[in-house]
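Encoded as structure tokens, the structure appears first; notes follow it.
When the chains are written out, they are named A, B, C and D in that same order, and each has its own residue count from 1.
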Amino acid sequence: MWGKGLVAGLKVTWGHWFGKKETVYYPEERLPMTERFRGGHLVLDDKKCIACKLCAMGCPNAALDLTVSVDEDKKRHMDSYKHQIGRCMYCDLCIEACPVKALSWDKNYEGSSYFKEDMTYDAVVEAKNRRGSNE
Amino acid sequence: MGKYFDKEKLELLKAQFDTAEYDAEQAEPAIYIGKEQLLGLMRVLRETPTYAFDRMSNLTAVDYKEYFEMVYSLYSRRFDMWITVKVKLDHDKPEVESMTQIWEGTNFEERETYDLMGINFIHHPDLRRILMPDNYDAHPLRKDFVPLEPKIEGGVLTWHKQKSMS
Amino acid sequence: MHSGILYSTAQALREILMSLVGIPIIVDIIMTVICATILLLIMATSALVFTLGERKICAFIQVRIGPNRVGPGGLLQSVADMIKLMDKEDIVPKGIDKWLWVLSPILLLVPSALIYAFFPFDDGVILADVNVGLFLLIAITSQTVLPFLMGGYASNSKYSMIGGMRTVAQMLGYEVPMVFALMGIVMLTGSLKMSAIVEAQSNVWFIVLQPLAFLIYIVTALLESNRPPFNLVEGESEIIAGPFTEYTGMRWALFFLAEFSNLMCIGILTTTLFLGGWHGPDFLPGFCWFWIKTFICVLFYQWVGWTFPRLRIDTMLSFGWKVLLPIALINVLLTGVGIYIYNIM
Amino acid sequence: MAQTEKYVLNMGPQHPSTHGVLQVQVELDGENIVGAKPIMGYLHRGIEKLMESRTYTQCVPYTDRLDYVSAMNNNLGFCMAVEKLASIEVPRRAEYIRVICAELNRIASHHVFIGSLTNDLGSATGMIYAFRDREKILDLFNIICGARMTAHYIRIGGVAADAQEEFLKGAQEFVNYVPAMLDEYDRIFTGNEIFQARMKGTSIITRETALKYSMSGPNIRASGVDYDIRKIDKYGAYGDFDFEIPLGEQGDNWDRYIVRLKEVQQSANIIQQALDNMPDGPVMAKVPKVLKPPKGDAYHRVENTRGELGFYIVSDGSTKPYRVHIRRPSFVNLQALDSMCQGMLLADAVTAFATIDPLMGEVDC
């Protein structure tokens, strides 16, 4: 009979009207991110880093801008590690390219900012700050 | 990916069209044909019941700097069979017969090739740019492509050649 | 004689005014102004309440939480919406027919406000209990078509124009079956007076006596107020927003206000015509029953609207002319036969 | 004397119901459509050109951005084409994981189809229900590769990392949920009379038209042509699984919807078989860090959610592809839009845009 489908549809929506809700109260309740989640800022372990620049070479979109200096013992140092989030595709190729596993994501998914300049940051400075706050 | 076109049949085609060539060494040789005989070859491939290539699976062009090469990948649903047809075109005046005369569904793909590679398709029903702006005067997929500079003149977006690449 | 809190309050107020002023006609004018103000306030608040209600209900149906930031549990969301709308820039497009364009949202509010005069809210509480109440109601609600068409024509936009033309086609489609469906009620009551229609339902509601007419009325009411699944006029996935595509800020808010006012109107009309108006068990006063029923009707209309997809214009028109109209005519016939048999017995 | 005149209505690129930035110039006579001309290029990023200056490994994330609602299928197509070019053998377990991911993504993409279709028909509720179920799949992708949409999980030579127990369990749970999900869709959309009235008999693509325009994917299958590359080519691990190809009868909007709904069922069927017979072993072949395929060209096609997705790659023996051409199914399918819309009403045009299911990231490339 015509109208049977309409009533069935009404029943479905009626059931959901009082049913469990799928969304969460966001700022109060945050979904946990998974182990392999790609996003946020790059965490550089500057103790491990050998400044080989392989991550920048692996980047498809030239999002990484590194400056490396060589000291008198022929040891390479990472002076700055500029990550332009605006160019980043979060493809994970830089992290996979790292031979010493010195890179990881900080899994922060609240990456919006008011100014475009805030989208570029220096991972070396962040690593120093992190160490400073830990000590 | 199905089976490739038999070499005996390729030989047959070669006898039929004097400009047809293929590299017998390769496992899946593409058939090269002169651009004057392309339409005839395609008609034969499409309409002979033992070939019945009813799908133009892929159509594209490659810029080899000295010449352009049109690549047609044909597929026959009835025999689950493939063939690749290639045509070399002059770099200065790339022109080829439009395949819309045989497969109507190549309309957009030929327009795209015209737009991005600058190949002129003769007898195409509606040869206009499809992805780039209508007043764009370059073909991006060519190897010698230099991006044009956008400028707004009198409320209209226009494109200009860059003075130099330095 | 009439009873009920509202009626006695009004009576008391009238006596006080009478003793203060003394001239009956001035008292009448003051009383009318008071009533009209109250009705307009009801209309404005209903828009506020229903905006929030609409958003909450659609969220609940769509397994979401809905607005929950402004005020406790999002209660003040519609106030925030209103402030936002007032804040917006008033954009007047180029090439419009200025007068028609400006007048359209204002004119749309007039019929939606006017029909509140004919609703019996409680025993004896009715602003204008005219003899041809129902007839006037239908006549006035049909006028909402004109502002839509004006807005659509004046906006100098093809989308608006299509929307405006759709309104007219749609009006022809629903108005005739609706009138014939209501004919059954008029036949049973023997009067066009609204208070008489409610009075006739003191024992049995018309939904029992006129189930066919009730079903037709639900469909045509949704059509009349442009609610989904019949929101062809604004059909947002086809013609953006129909006649109000080019309106912004407060002008758009007026359309919005009229829409929610119409939603309440059809709720009230369903209550009055089919669900016994203010009649109900004695433990609550009449006007409470009236509002409870109205809200249930509005909830029902919103529930329907958020469940179904939109009809196509030709399906809707053929549905109106080929399905609803014959059923309405059969209903008239059946009612006539029923009355005849009842009278013989 | 009264006179009527045809007029052109410009739908898009900013319109509530054109998917992405598709612009369609609809020629109307009243509300009847005389012709519809799609205009694209608003999302043209030149991915083919970009790939010429990236190494093969670096190209893979760009394929995510083609058809961004079924990124896994695009990864698969490109990687298989490169594997064909460089003759790389992919481990069995990787093939199975690829199939699971590709089929999950096919279901997710069909969710977007159902959602946008119901939204275009005027029922926003339907959209939310479909997206609610899609969320379950995206969460699974988040577990396996750390991204929800632009997966970049399938790599040249295998997959990025082995599938965790958590992912496999989640996939099993989702497959178990599919019948309940389809039942709910049946009750709220498929059985709905208004829905049927809007879809049945509108925008018909006949068998001949579908073949003429080289259409592919669910669109051609809805017209009754048995053409599914998963079945014909049996690429990857698809030869191991037993599944049906749902076919439509007359090729109207309704058939295109039903075919996709049945495909969801079949995809769930494939995932179930893959989960049951999952082999052990490595998930990545031995691929040199600097991949240099031999000189030559290769064309490989896979069944994307929207049809036949082909990659034609020319290698000049260096680390970067000399030329990449992508045969995008929705681009080719869009040719049929004009004949679909002719003689229909404006409201049907919106349904036609939805059921032909173009994705502008893929159309404009």
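Brief remarks on what is shown
The rule is simple: contacts are C-beta pairs under 8 Å (C-beta built on N, C-alpha and C of every residue); 3 or more make two chains touch, one makes a residue touch a chain.
Computed from a predicted structure; not experimentally measured.
Chains that touch both subunit B and subunit D: there are none.
Distance from each chain's C-alpha mean to the overall C-alpha mean is smallest for D. Chain centres here are C-alpha means, and the one lying farthest from subunit D is C. Interface comparison, A-C against A-D: more C-beta pairs in contact at A-D. In terms of their C-alpha centroids, the spacing between subunit A and subunit C amounts to 52 Å.
Subunit A and subunit D have Cα centroids separated by 27 Å. Taking each chain's centre as the mean of its C-alpha atoms, subunit C lies 45 Å from subunit D. For subunit D, residues that reach two or more other chains under the stated contact definition are 125, 132, 188-189, 192, 194-195.
Contact with two or more other chains is made by no residue of subunit B.
Shared interface positions of subunit A, i.e. residues touching 2 or more other chains, are given as 6, 9, 12-13, 22. Interface note: chains touch in the pairs A-C, A-D, B-D, C-D. For subunit D in complex with subunit A, the residues that touch the partner chain are 54, 57-62, 64, 125, 132, 135, 142-147, 150, 152, 160-161, 184, 187-189, 191-196. Interface residues of subunit C facing subunit D in the complex, by the touch rule stated above, are 58, 61-64, 158-159, 162, 228-229, 231, 235-240, 306-315. Interface residues of subunit D facing subunit B in the complex, by the touch rule stated above, are 40-41, 44, 46, 48-49, 211-215, 227, 232-233, 235, 297, 299-301, 308, 310, 312, 314, 322-323, 325, 327, 331-332, 334-335, 364-365. On the side of subunit A, the complex with subunit D involves touching residues 2-6, 8-9, 11-13, 22, 33-39, 58-60, 89-93, 96, 105.
Put simply, subunit A touches subunit C in their complex at residues 6, 9-10, 12-14, 16-23, 25.
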